[in-house]
Each structure stands twice: as C-alpha cells, then as structure tokens.
Amino acid sequence: MKILVVNPNTTSKMTEKILESARKFAFPGTTISASNPIVGPESIQGYYDAAVCVPQIIELIKQEKDFDAVVISCFDDTGLDAIRCITDKPVIGIGEAAAIYAGRLACSFAIITTLSRSVPGIESNIYKYGLGSICKKVVASGIPVLELEKMDPVALDRINVTIHQLIRNFDIEAIVLGCAGMVDLANKLSREHNIPVIEGIGCGITLAQSMVKIGAKTSKSGGYAQPFKF
Amino acid sequence: MKILVVNPNTTSKMTEKILESARKFAFPGTTISASNPIVGPESIQGYYDAAVCVPQIIELIKQEKDFDAVVISCFDDTGLDAIRCITDKPVIGIGEAAAIYAGRLACSFAIITTLSRSVPGIESNIYKYGLGSICKKVVASGIPVLELEKMDPVALDRINVTIHQLIRNFDIEAIVLGCAGMVDLANKLSREHNIPVIEGIGCGITLAQSMVKIGAKTSKSGGYAQPFKF
Amino acid sequence: MKILVVNPNTTSKMTEKILESARKFAFPGTTISASNPIVGPESIQGYYDAAVCVPQIIELIKQEKDFDAVVISCFDDTGLDAIRCITDKPVIGIGEAAAIYAGRLACSFAIITTLSRSVPGIESNIYKYGLGSICKKVVASGIPVLELEKMDPVALDRINVTIHQLIRNFDIEAIVLGCAGMVDLANKLSREHNIPVIEGIGCGITLAQSMVKIGAKTSKSGGYAQPFKF
Amino acid sequence: MKILVVNPNTTSKMTEKILESARKFAFPGTTISASNPIVGPESIQGYYDAAVCVPQIIELIKQEKDFDAVVISCFDDTGLDAIRCITDKPVIGIGEAAAIYAGRLACSFAIITTLSRSVPGIESNIYKYGLGSICKKVVASGIPVLELEKMDPVALDRINVTIHQLIRNFDIEAIVLGCAGMVDLANKLSREHNIPVIEGIGCGITLAQSMVKIGAKTSKSGGYAQPFKF
Amino acid sequence: MKILVVNPNTTSKMTEKILESARKFAFPGTTISASNPIVGPESIQGYYDAAVCVPQIIELIKQEKDFDAVVISCFDDTGLDAIRCITDKPVIGIGEAAAIYAGRLACSFAIITTLSRSVPGIESNIYKYGLGSICKKVVASGIPVLELEKMDPVALDRINVTIHQLIRNFDIEAIVLGCAGMVDLANKLSREHNIPVIEGIGCGITLAQSMVKIGAKTSKSGGYAQPFKF
Amino acid sequence: MKILVVNPNTTSKMTEKILESARKFAFPGTTISASNPIVGPESIQGYYDAAVCVPQIIELIKQEKDFDAVVISCFDDTGLDAIRCITDKPVIGIGEAAAIYAGRLACSFAIITTLSRSVPGIESNIYKYGLGSICKKVVASGIPVLELEKMDPVALDRINVTIHQLIRNFDIEAIVLGCAGMVDLANKLSREHNIPVIEGIGCGITLAQSMVKIGAKTSKSGGYAQPFKF
C-alpha cells in the first residue's frame, strides 16, 4: 500500500526528516512518500498558520492520485475535516493518532507542544475528539517548531523539566510530544523518565496502514460528503 | 463606528441581501459595509467549502483597513479563530451570535440548517462554544443555500413542518435559522409558531456593535496572538 | 429604547454608581434607569443573599411598566430564570454577558470575584451556561463587595497579584471582573496586564440593547412560560 | 431524631398528605413534622413559583429550632443551596434524593414530572448534580400538581402511557415520579410496569435520617458559609 | 432488616474492624454481618486486585441467602455492576455512597485515597457516577491500605498535610476518606480541619438501610438483568 | 511479531472463527494465535458475564509467555484495565478499537450490539473513552451472541432494518457492529447501506500491530502499575 504524508508547512528539510522517520514505521509492502506545499507558512504555529495552508494541502492531495491513505504530519491535524471530504481513503492526523495511542497505554497523559499560541487549537481538538478526561494537560515548552530542528541542550533541558513536573505534580502516566519536530526525542525521553513518551509520526503512519488493511473508507454521507465542486 | 460584514462565499447577490438586512440592525452612528471574496465557493456547505475560502477572507480583511469590528456572515463561523489572530478588533460569527442570543431567550433551542453535510460542523461549533445543553438539536432542512434565495412555497413548507415537529416532539422553546439565506424568514416564522425564531445577521451585527461600544479588544496573548508573518 | 437596570442589593450608592457606568454604554436613543429593592441584603454574597432578594426584584420589575429590557447588575445573575418568566422582554444578567463577551475575545479566561462563598454559585452558572471549557478558573480575591467601593491600594494590589498569577500559571488570556463593584477597574487593569479585562455592566447593558434592537422576545413556551398567578 | 419536612407551597392538604407518606419512612426513634409557608404559590410549577417561596421557607426554618435535618419536599429542590447556608444540619431535596436512589437501582432512568414549564428546572438540577448520563429523559405528563391530588383515571392513564413509551423507545430501566403529589403511585406503577418506580418523599426522608445517623454536618466553609446577616 | 457487608479483600482483621464500625450505623432493628473471600488479594489496590476478587465476592453473596441489602466495603466499589445483576436487593458501594453524601454537604470535595495506582479507578467511577463537577480532586496519600491499620503518626501527619493543602490551594469544602481502612479517622480530622470529613462505611451502611426502608429493588430490565446462567 | 487474541468466552468454535478472521488482518511477519478460557460463560452478555471471566483471562495470559500484544476479542473490552496491569505489552479491546476507527471515518456513528443487557456496559465504555459526542447511539438488535453464529435471514433482516432506521432518523454516518460474532457481516452491510460498517476484530488486530510497530509499552506508573502480588 502507499501512504502519502503531507507536511502542512513549507520547510522541505522538515518534510525530509518526517519522511525518514515515517519509513521506520512502514509494514512490509508499504511505500511512503512525503510532500509539502511550496507556498505558505514555514511552520504551523496556531490558528492562522493552520488556516492559510489548508487550500494548498488540498491542491497537493488532488494532484497526488496514487495513495491509499493520507497522514497529516502536523500535531494540530491541520485541515483534517476538509481533507476527509475530498477522498474516501482514510485520512489521519498525527495529533489524533498520538492522543489515541497514549490513551491505550496509560490512564492519564499530557501533551507538550511548542508555543502557547498552539495550545488552544490542540486543546480544542482533544475536547472535540473526546479525550479530555484522559489528557490532563496541554502545555507549551516555549520552543518554536524550527528551533526543535537544532535541538540544543537548553531546549532539551526545558522539555525534561516540563516532563518531570508533569509526573510529579499531576500524576501524569504518559507523555505525548506535540510537534512533528520532536520525533527523534521520544525513545530517549521515555527511557529517562521511565514512562511512555509518544510522538505522532509513528502513531499516524501505523494507524493509517491499519485502516487501509481493514479496507476502511471515509463515509461519504453527511459531514464528509464529497464537495459539490472541487 | 464601522462594521465590516464578510460573506465567505462568492455570491455577490447574497452579499447585497445580507448587507441590506444588516443595515436594519445598525445603531445610530454605525456604518456597515459588506464584502465577499472574488474566487471561491458560491456557497459554504460543509467543511471543504469552509476551509478553502478562509485565506481569501483573510486577504480581504487585510485589505480593508478601516473597520471597528468584523462579522462573518456564514452560520458555520467560517475561519473565526484564524481571523481573530490578524486583528485586535472584535470578530463575531453569526452562528455563535445566534446561538448565544437564543440561549438568553429560552431554556432549549434547535438549529435548522440547510444540508446534512453542514450539520457536523455546526454541532462541533456548538459543542466547542459549550452550548450543547441548551441547543438540543441541529437539523438539516434539505434545502441548499442558494435555493433559499428563491424561497418557493415547497421549501418554506418543509421548514414549517420541521419547526412544528421540533416543538411537538422535543419541547423546543426557540428556533435558530442556521443559514444567512434565511434572514427574511425569522419574523414570519416566529409569529406563525409563537416562539422566538432567531436569524444570525441581526445577532452578529448587534453583538459586534456592542463589543465595539465597550471598547473590547481581542486578546493578543495565547491562541489569538498575532501571527509571526502575515 | 429604555433599559431597566436592577441592582439586587439595597445599597443605593452602589445603584447610582452602576447607573453612572451603565449610561456610558448607551447607544444613541437609549434611556437607562436603575433601581434597587428597599429591603434585603446590602450586598449579594453567596446563595443566601441571592435567594432572599429575588421576590423583591420581581416586585420591583412588576411595578416598573415602561422598559424594553432588564439588566440584572449582580455577577451571580440573581433570579435570572424567575425574572424571565414574568416578562417577554429580554432579561440579561451581567455575569452571563461578561462571560459570553470574554469567550469572544480569548481562548481562555478567568473570573475574579469577591469572597469564596460567591465562587460556587458563579461556577455553577458558568457550568450551566456551558462555558466551562473556556472559563478555566473562578477565584475569590477575598475582598468583600462593599470594600470594593473604597478601593484602597491594598485591595487593588491583591487583584493585581491574582491576575498576574492567573496569566503566569494558567495561561489565562483574558480576565472577567466578577462583581459590579469592580466596574471602574477594567480599563486600568487591561492596560497594566496587556490582556482584555472585562467588567459586566458594559457587557450586560450593550447585550440588552442588542437584543431589543433585533426585536428579541423571551419564549413563553416551556421554562419561561408566564406564571399562572403573579 | 427529628426531621422537618418543608412543603414549599401553601396547600396545607398537600403538606398533610406528604407528612402521612413521610412517616411511613421513619426509622424507629425518628419524629417527623411537616410545615408549609402561609403565603406564596399553591403549587410550585417552574422557576417563578420556586423563586418567590424561598424567603418564606427560610423564615419558616429559622422559626423551627428543633430539628436534626430538613427535607424540601418539592421535586425541584426549591431553594436548596440557600437553605444549606442557614444551618449546619443536613438539608435534602426530594428531587436529588430520588435521582440518586434511581441511579443505584438501574443503568438508566427517566423522570416524569407535571407540566412542561417544570422540565428545564429539573433538567438543570440533574445536569448540576451530574446525573445526566444516567437520567436519559425528563418528560412532562401534562397534569398539573393539584390535579394529581384527585388522580382521575384519565390522568393515571396518561402516566401509564408515558412510562410504556419510555421503556419501549428509550430502554429506560427505572422511573422517577417527579412530583411530591405522585407519592402514592410508585408501588402500583412499579408492579404494573415491572421496573423500579421511585417517588421522592421516601428517598428524601430516608436519606436525611441516614445523614443524621452518621453525624453529617453541612460545610460552613465556602458556598454554604453562614450568611453575614440573617 | 439484615445488611450484608462484603469486604472484597481477604484480610479478616480488616473485615472485623469494618463490621465493628458498620454496627455503629445500624438503625434499630437492623442486623449487620460482614464477610470476606478466603482466597484473593489481601488488599484491593488498583484495577488488578479489584478484578480478580469479583468472582469470589459473587460466590460469597450467592451462598449468603438471608440479606436485605449488600454493601461493598471497598472504596473502588469493587464489582458493583456485576453484583447488581445477581440480586434484586439493593447493592451499594461505599465509594459511591461517600461521594454522594459529600455532594450534599458541600459545593466541592476531594477524595484522599491510598496509592497512586488506586486513583484512576476512583476517578473513573466518579466520572461515571457523574460527580466530576463537585469532586475536584482525587489524591493519593502514598500510604498502603494495610499500613492504615497501624496508623502511625507519620502516616497521620501526611494525611493532615494533604487536607491542609486541599483546603488552601483548591478551596475544597469537604473531604472524603477514600479507603475503608480510614474509617476511624473521620471525626478527628473533621474537628481538626473544621470542614466535613466523610468516610464510606457509615455512608454505605445507612444508604443501604434507607433503600431497604423504601422497598427499593434493583431493576431486572436492561443492564442489571439476571444472568442467563449463574 | 506475535499477537495473542483472547476470546473471553468458552465457546471454542467462536474462538476459531475469530482467529480465522483475525489472520486476514495480519501484516507480513505477524503471527496470530487465539485462545479462550476453559471454564466460564459461553458468551459475554452484560456485566455479570464480563466480571466472572476476567480472572480466567488473566491466568490464560500469564501462561502464554510469548506475545507482543494482546487483543481482547469481546466488544465490551472485558477486563481491559486489569489486563493492562499484568504486562507492559500493548493490550487492545476490539470495542475501543472499533469505536476509535469509526470516529476517524465519519462525524457520527452508532453501535449495534446483541441484547439490551449489553448496552449499558458499552455505553459506559464509550463515555469513559470520551467518544460520546461522536457515537450517537448504542442499540440492541435483540439477537443473542450465539445466534449470530447461525445468521439466519430473520436475524440479518433485523440488523438491516436497524441500520436503515439509524441512517434515516439519526443521520448516522457509519455503523459499528458491536459483537465479535458479527465479523463476517461488515463488508456486506457496508455495500448495502453505502456507509462504512466496521467490525471490531480487524480494528483490534491492526491497532495492536501498530502499537507493537512503534514500540509502545503500557505505562507501569499509576493505574496500570504492576500488581504487588500476581
């Protein structure tokens, strides 16, 4: 099967990194490709960035014809509902996938994202997905998306301190890293803090393959009906 | 004060009708103008239409410089969160405004919208705004937005039957007309069914003026922070 | 139009101050009058005070015949449901109005009220109105209603510290001042903390005018039906 | 121990009937007395009636000095929060008691009350008590409180039909009779429909005795703190 | 009437202590007996312990024939739904009983339980019972169940500190002791902290007697229907 | 990888059928085995059946040493929380998996299960998982688990009628078959009704493989901590 990963931002270096990570989660026989819009924000941080890149993502997906499922590789699940309208193939966001997986591994989890402006959109998604009782906190690390690329010790330290506080003060049993740029950190942090630390790419890529495997199709009745003109 | 009404769809005849209605709700000293994107969907019906027109709306608002508040005149509050990021002036959606007003007039209300594809987005908004316990139903009349322009007797009859059933079977105490195209129907239906029937334009226009009157500004801290580049 | 403001407590000096503030929020052509019961509690602090003054408020409103809308100027929206039964004119509480406005300006807000005994009633209202996901905190400043009149530096300082902590520890994006006695503080605090600080009088007065403007009537079917005898 | 039953309405014949029923639920050693205000509504039907009788109830309870717990014998739990402020003895509403008991006997229940105007207040209580997921429906029989006294066959038939529909269409597993006037019907209806049918007097009287037995006191910290003047 | 108390764990000394406490809450004419499984966990701490002892509890109850109600004396209400299937007599858990009573005495309460592994099960129950808005916190004291038997000063001190913090930082108005082993502490802690401190045995025993008094039967329609084979 | 499927009931013919279905959903390199307890209920219908088989399931899993993930193949996710305590390998219930997949394919779905006694447990799970806003209905077909094996035309017809009504009356966009015995029906029903019809085995098996693929481990901190003795 073929999985199309869409990085909603225009930073192609990040797309490459995401693709590299994504391929580690391919089951035998799965081909994964990744793509990003050419115009639009360099990183998706908050409601504005998320809104302006959606038409570009839709165009990109329309041009790609040969895929069995789509994975939106930004933690705010950019444009998820709209994209589900244009195809009956499964469309998965890495944010929803990671939150779902975390809820299977622990009785409570917290999400650590980048900047405070990204928190309300993620909280709103969690609330909409109905995971509010399991996801106890969505916190901002204060590190912008593109800084995560460089991963200097100071940034890493701030994330470590945040995880430590979440475990100690809020009895958090698992952590979700709320940014595609944090993909390489999960295993290391999990070992250090001795609780599951989940990142979204692996969750999204495997959930998408799973849905293809069972032959799942997006409903074309109601909210995800095919648009009249597109 | 100056209120800018944005009709998210490209049907300028509808924009004119909306502007005409909106002006009836201007307090003395208020100037109202209305605008719509030039490219994009003719009507906003469901998640796809809503997503693709947001960047156009944002461009349109950026070009307009002289306004004190913005009203988004589509019942799904198209792009509301993203638009709040680009200005500190109040931004109001007619969907949220109508649902808020209805909740002040009755202990339970229902929303009648156009097609079934528009229902989940509105339900999702209502749920997000937290009005789920007062808004008991969101139902589709089955009449597309642009058909509402012509308002033939068959369409009107279907809306009447729907209201009748909502009152009888679900003890609904007030009705919200969930489409800007229904603006002219509210008073007539209210008289006929003897309960409040609310449409969104009046609610949105007056709420926007109210927020300007108290000097309200959109928070630039957190979710509605100014985008880094725009 | 004519707006009747009802101060539920018997402190007429407070009624005068409320009226003075309220008039700043009158649209051209609006007349505002204010009234308070002659017997009853001097300030409304908690469930007991709120309950005992309601029949007095109802009597007061019955005697006033000439109004287009009523504003209840106490943050716990004293007697709101009962008062809506006795008139088909819009009835607005300053608590609900302020919480609604704050939810249009920010993704999260907190309410600062007077004493801890007032917190549960306000929380309960917020929960009933469905704004629990946006209103993250209701906190008591520890300053009684009538002390707010005098506004000594110590009291002001305590409110400043509380706002500072809410922003820093809970990512609060806007503040609602949960007492009619705090009406003069909003602008000053907003400038100092650089986020929206909302007080209820302006919100209630403008929302009431807005509802009159659209010709809104309280439903007389169901929960707000006219009492059999009154 | 001594239980004081307060019938919030002024119909003394109803108070007598309530007292007679209440005494059947006294544990050995318990004395039960009942009282009602002298002025006020003849029956409590909706928000207005409930609000105007609360100060009278409070006066009545202040005059009675010798009791160990108070039971408010109207299904809308008239004035419950305010009354809890004036005593540290347990105060129980028959509405809350019946809903709590029903939730221990069945996975889902419905409440049948009198008129549609009483539904929102009860729904609002159920929502506040947090029983919304177990209480699937609150329905009006259309029979006013005082008609229930006479219990003609037509009224009884309407209640029977309502119960039948609730079981058949909504998988309701237990019924709560939402009016003190229905106290004599519970056993008969339970036998006929072969599911638990609960009335509130028995629940309220026994719960009150239980709370006295364990020495429970109402918290005087926070929402139920003693009023400053009363 | 006869109340059967089931201690889900195999520590018979704890059963004796529970029985001794339970008898203090018997109304005249009530006989209370207590029993525990012979094989199974020594204490119920978390999901695993709770699950493995349920079939033993069911066997134990099947053998006892002569009872009018069952009280499950472990704060996680071990096996409550399953046990309700095998009898039409009322079955009450001490966890649900205590949470219900606390919600009648205060506008907010917190539960203090033993170890962190017990917190999610209790939170999940509270959420299921619908008491989430009143129960603000479920916290672990860190003291295992069987250590509570010995009640050394260090353990007691830790509980005192926890209560103090809950009152100061979270405006908690009442405390529920979330373990049958804490039964003797309630009165002492209540006096010291000057707010209601509730333990579950008294609540469960009195609620069970109350339900017998009104002749309540568990519904045999739907979720608690009699098993096909048992 | 090796997936262990546990059928909680003792009907080995059903285990074989489940295994056969499960194997269709194995990614290359995955081995699937299935097992069931030898003593216990023949089918899991309601709370009692679910409770009594859990210790048997736990024993069965303890004996199996060689697996990478466990799938509980009963729609009520029998013993899920307890089983997660005894291993750090992922443990997935087919009920949770199916509900999660359905929520990715449609804006609303309904679950059709066997008997009315199974409905509350499933509803309670859905509520606990937080999917209540997407899962609009849980309905009983009235066909017992073991009758589904034979799948006579009458039973099939009843399911068809139920799906038809759910689509027509409640705007349901996808269906979840709430019983492992319905595994063969999904594709056929999906074609006939032209909306996604999901069964749990495929969802559970693929989700389990996905979680193994990303190296996910169950948290051993908090609610799923390893039992002290087991």
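Worth pointing out:
We just call them A, B, C, D, E and F in the order they show up, numbering each chain from 1.
Here, a contact is a pair of C-beta atoms (placed from the backbone, for glycine too) under 8 Å apart; a residue touches a chain by one contact, two chains touch by 3 or more.
Nothing here was measured: the structure is a model prediction, and the numbers come from that model.
Contacts with chain C and chain F are shared by A, B, D, E. By residue number, over half of the contacts seen at E-F repeat in one listed pair from A-C, C-D or B-D, namely C-D. Distance from the chain A centre to the chain E centre is 42 Å, each centre being the mean of its Cα atoms.
For this pair, chain A with chain D, the centres built from the Cα atoms lie 50 Å apart. In chain E, the positions touching at least two other chains are 107-108, 116, 119-120, 124, 127-128, 133, 171, 221-224.
Interchain contacts give a graph that is no line, ring or star and is not complete, per the touch definition above. Inter-chain contacts occur between A-B, A-C, A-E, A-F, B-C, B-D, B-F, C-D, C-E, D-E, D-F, E-F. On the side of chain B, the complex with chain A involves touching residues 41-42, 45-52, 54-55, 58, 79, 81-82, 84-86, 116-117, 119-121, 124, 127-128, 221-225, 227-230. Residue ranges of chain D in contact with chain B, taken from their complex: 116, 119-120, 123-124, 127, 140.
Of all residues in chain A, only 107-108, 133, 171 touch chain E in the complex they form.
By the touch rule above, chain D contacts chain E in their complex via residues 25, 27-29, 81, 90-92, 96, 100-101, 103-108, 128-134, 167, 171, 173-174, 187, 190, 194-196, 198, 202-203, 206-207, 209-211, 213-224.
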